[in-house]
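Notes for the one structure printed next.
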Amino acid sequence: MAMWGGDPMINQYMNDFIIPHLKDHFNIQLDIAYAQGNTIVSQIMAEKVAKSLYNSYDLVWINGETFYQLRQLDALMGNWTSKLPNARYVDFDNPYIGIDFNQPIEEYECPWGSVQFTLIYNNKYIENPPLTRAELLQFVKKYPGKFTFDMGFTGLTLLKSWLIDFSGSPNGLKGPYNPDLYQKLSKQLWDFVFEIQPYLWKKGLTFPESVSAMHQLFSSEELWITMSNNHTEVDNKFYQGVFSQSARAYVPEYGSIRNAHYLGIPIKASNPVGAMIVTNFLISPKAQFQKADPLVWGDGTVLKISSLPDSLQSKFDNIPHFISSPDINDPTVKALSEPAPEYMIKLAEDFRKVILKQE
Amino acid sequence: MRWIILFNFVIVIGLLILLAISSEWPYPNLMPGGYFSKNGSFQFFNLVLLKSIYQSLLLSLTLALLTTSIGFVASRYASNHTRLALLPFLIAPIILMATLRHFFITIGVNNTWGGVLLGQFFLAYPFAFIFLHPFWTQKLQDALITSQELGATFMYTFTKIIGPLARPALTLCFFQTFLISWFDYGTAIIIGAGQVKTLTVLVYQYVQEANIYLAARASLIIGIPAFVLLLINKHYILGKIPFYGS
Amino acid sequence: MVLEIVDLIKIFDKTPVLNKISFSLPKGETLSIIGPSGSGKSTLLKVISNRLPVTTGHIFFNRNKLNPIPQQPNKGMVYLSQEPLLFSHLSLVKNISFGLNFKNLSPNQFLSKTQHMIELLELKEVMNVPVMHLSGGQKQRVALGRAILAEPTLLLLDEPFSALDNFTRSTVQKVFQKLCAEFSITSIIVTHDIKEALLLGNRFAKLEKGALKNYSTRKEFINDPSTGATEEINYWKSVVNEK
Amino acid sequence: MNKYIRALFFLPIILPFVTGLAYSLFKSFGFWDPIGHTSYSHWSKILFSPTTYRSIAYSVYIATFSTSISFALALTLLFHKPARVNLLVLLPLILSPVSVAFIFLQLLSGNGFFARLLAKVPDTSIIFSVDLTAQSPHGFAIILALTFMTIPVFYAFLTKIAEEEQINHQIQLSRELGASYWQSIWKIAIPTLIQKSKFFILLYFVFALSSYEIPLLLGSQNPKMITVFIIDKIQKFDLTTIPEGFGLVIIYSFLIILISRWMFQIVK
């Protein structure tokens, strides 16, 4: 299985809980290769070109952007999620789960976790965090160097939510990719980024490579705001000892993106059945519950709680150890859905061109 | 001045050692703390590290043996074009491997131990070739032919005469090629595709997940054999060319 | 015939070093080839021992054509150079007995042959000295003994004694004569020293500017003024007479 | 026969290099691309993009500084030859590049060792007007890390050369002829050593140019060293930049071949 390895707690969950369980109950030896979405895509693409008999990975942990690219390459196995016994609990009807970056998942991938983006601030220094872009501008001017965003998936998610904000409506980017709309909105977005850039960390000349690097800067108080794609990470990181007790998570007024992350099986996986058994366990209530605990990982479940047996329902309703994470089921928390993947790819590309001046 | 430079060396290595045995380093403390204690049970080696040590050692030893022996035989046939052998190790290993990945996949050895071995062979072999070439002096060539004239077979000559005569050179070459593999990151990450977890891959992995204590530990483990080789070869190195991968 | 050479030509950098050389050597004979430095003596032996490739011509060794791959030894020939090449990581005894390793001998035969040779070479006192620390003459004797114990069909000696001082040289030469007699060795010795040629050889030839002149008898060789043999003999006669 | 054996043994040396280059050339024109088609457009993108040249220039800048600083420091160490610290000088050799990158990140990052040290000392803003931290666009962190790795190599090499050239005797001689100690070092010793080290300096210049792990962890996003830039294009972001990455491989290899030709001339 190929997965992003940027979080020790996630790795620990896999190594200490999932792998031994699979070994004991199914006699499956799950080997983990740490590779990010783009590395996975480039690997699978190279294998496709080389007409390799088998893909390197049997199971890949992906998000919408990777899903889109792998579908473009026709590199994912289809027609398998409904065959999993535990799929009956999965909340496929939830638009934040059943639709990935504006694309129906159509049995090419199986949801694994559901999360919402949050900004995290240090309330030792900040009493009222900036709730709007205008407030953010004031904030960075007042405290230059204390805010930035990373170059990875998380930072891009923030940019996307700003892009949606510029559209004037939470549904402003719904539907397939619209280049004209993108041109118009991204122009406004870059103008805004230019405006705050001089007041960012390192004067906006460089950005943290990854979200974990940004968390490090936050924990050393070099930054006062960090962010996460996962609304419970703030508690998780507190338990890890990375964040202090003064870290608080919140969703800004313009909302933030809620999405799910998924598991896919490459079309030439050498052991697709094994991969399905692993996935079935990963979406089992037992594994999902374990994962939802911020002391373990704090990843939102993809199961439809109401479809579970009563005893499990109450368990999921009372997941322990939450401190600062916002409740994303609270209707006042504004959730945005992921726009089509081309927006993100264009944003990543243009960010390099426009802001970093790499052509 | 010299003490400033050397003091810096000590700080760098010292911090590495300290981090390797620590479990916390809260800002703004100058020094890491929590030595040998993580919830009471400190394990310097965990299973992942042990596996990786085993795999890296096996890989590097095999590679060193392979390249040194083949390189030795081959360097006898070096010619004026020998200097071309410089090219493969001037190119960054990771780039060379990125351009070859397609072929590794085609022959079905990518993301395998054997594939990484082959990839590292392409880096270390030219080195062994160049390194051992000067040892094929006329005298050694003459010894090779003389021994056979006296009745010895080629194999006997190679193992009993040439081998011992060239032992210092071969030993040094063995160590150097061992280190090329031991320090290699590019081949392991590109050809290994995250599945061949050598110690260097592990260091990078730990850095990515901001697990500085394990990263330091893996780095320190990488340093140990290198340090031993340094002690053994101190005098050689101060007369010969050391080499690092990238 | 142990060795037959027909029209051998060796060209180095477009210059012929050996020019149409022909001769043959029967079993048990020692051929002395004299010639000034640069005459191609050394090259001739290196070509015969296959250390250098032939340009054109034929070399028959034991009626077989020479090994076509250069740098591959001809089985049955041993070449001895001016600078004795000893295996420095082996002891003196192991150096001398080296060739015996490949002869299927019983341990007793192995031992007695080695001991006999050490005695013949008069090396008993230095038996345990590391070979690097031996004197030039001792080294050359070790190389000689080692070569002979390998029982070659043909021994090629490339000015083997010229690096030694006068006294040592005559000792080693005597040892060589003794060995030749005992082991009935076929050999070619090239030298610029006429005394050595006369002392060790029973057939004679002269190499000059790449061309070889064969002499059918010792007398013919001595009588050829260009060899300098007569001159040398007369010189020594005059030295003796003055006394 | 010999010719074939020779070729056989030479094959593993030159084949990967040539194959990789040929493959890159094809890829850079869009061959074997499941989502694109063959065209020159990737090349025009590379050749007309200032980022390409900036990346090369940046790499050369880093390599030049790290190589010359470490050479100068190694010379300093040599002439202040401290007794019995040879092993200490060689200590950096035990670290792999990825370890060096990691430990320098711990030393130089915003919450690293030096940042903590400076936080303890008041009024450091005056001393530290330069941004030494990791990821600064000036690449000081990369230069420092590379310098750290290269000093011992140069030191070892210079020790050997100094012995071979009997630098001590030369200094002695020039002092007997009336020069002062420093004069003899500047006028005699250093020029000789530099003359003898040309090839070696260039070799390590290229190694610095080809370094990957260190700029990967310690570099900024822009500019990027050429190696990191290439791997980014090949492995990261969108799939359409892959041919550009391979085009950059051609340019980079060409640069290396150019420098190596220069090196061969020095050997001659």
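For clarity, chains are labelled A, B, C and D in written order, and residue numbers in each chain start from 1.
By definition in this document, a contact is a pair of C-beta atoms (placed from the backbone, for glycine too) under 8 Å apart; a residue touches a chain by one contact, two chains touch by 3 or more.
No experiment lies behind these values; they were computed from the predicted model shown.
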Longest centre-to-centre distance from subunit C, chain (CA-based): A
Pair joined by more contacting C-beta pairs (A-B or A-D): A-D
Central subunit by CA centre of mass proxy: B
Separation of mean Cα positions, subunit D and subunit A [Å, integer]: 37
CA centroid of subunit C to CA centroid of subunit D, Å: 56
Subunit B and subunit D, separation of their C-alpha mean positions in angstrom: 19
Touching two or more other chains - residue numbers and ranges from subunit C: 71
Interface hub residues of subunit B, defined as touching at least two other chains: 27-28, 102-103
Where subunit A touches two or more other chains at once, by residue number: 39, 49, 216, 219-220
For the subunit B and subunit C complex, residues of the former touching the latter: 139, 141-143, 145-153, 156, 161, 164-165
List of subunit D residues in touch with subunit A within their complex: 32-35, 49-51, 109-111, 115, 131, 135-137, 220-224, 234-239, 242
Residues of subunit C that touch subunit B when the two form their complex: 49-51, 71-75, 77-79, 81, 85, 87-89, 98-99, 101-103, 146-147, 150, 152
Of subunit D, residues touching subunit B in the complex: 2, 5-6, 9-10, 12-14, 16-17, 19-21, 23-24, 32, 73, 76-77, 80, 82, 85-99, 101-107, 111, 113, 116-117, 119-120, 148-149, 151-153, 156-157, 159-160, 163, 200, 203, 206-207, 210-213, 217, 227, 230-231, 234-235, 245-246, 249, 252-253, 256-257, 259-260, 263-264, 267
Complex contact set, residues of subunit A against subunit B: 2, 5-8, 11, 15, 31, 33-35, 39, 43, 46-47, 49-53, 56, 210, 212-213, 215-216, 219-221, 241-242
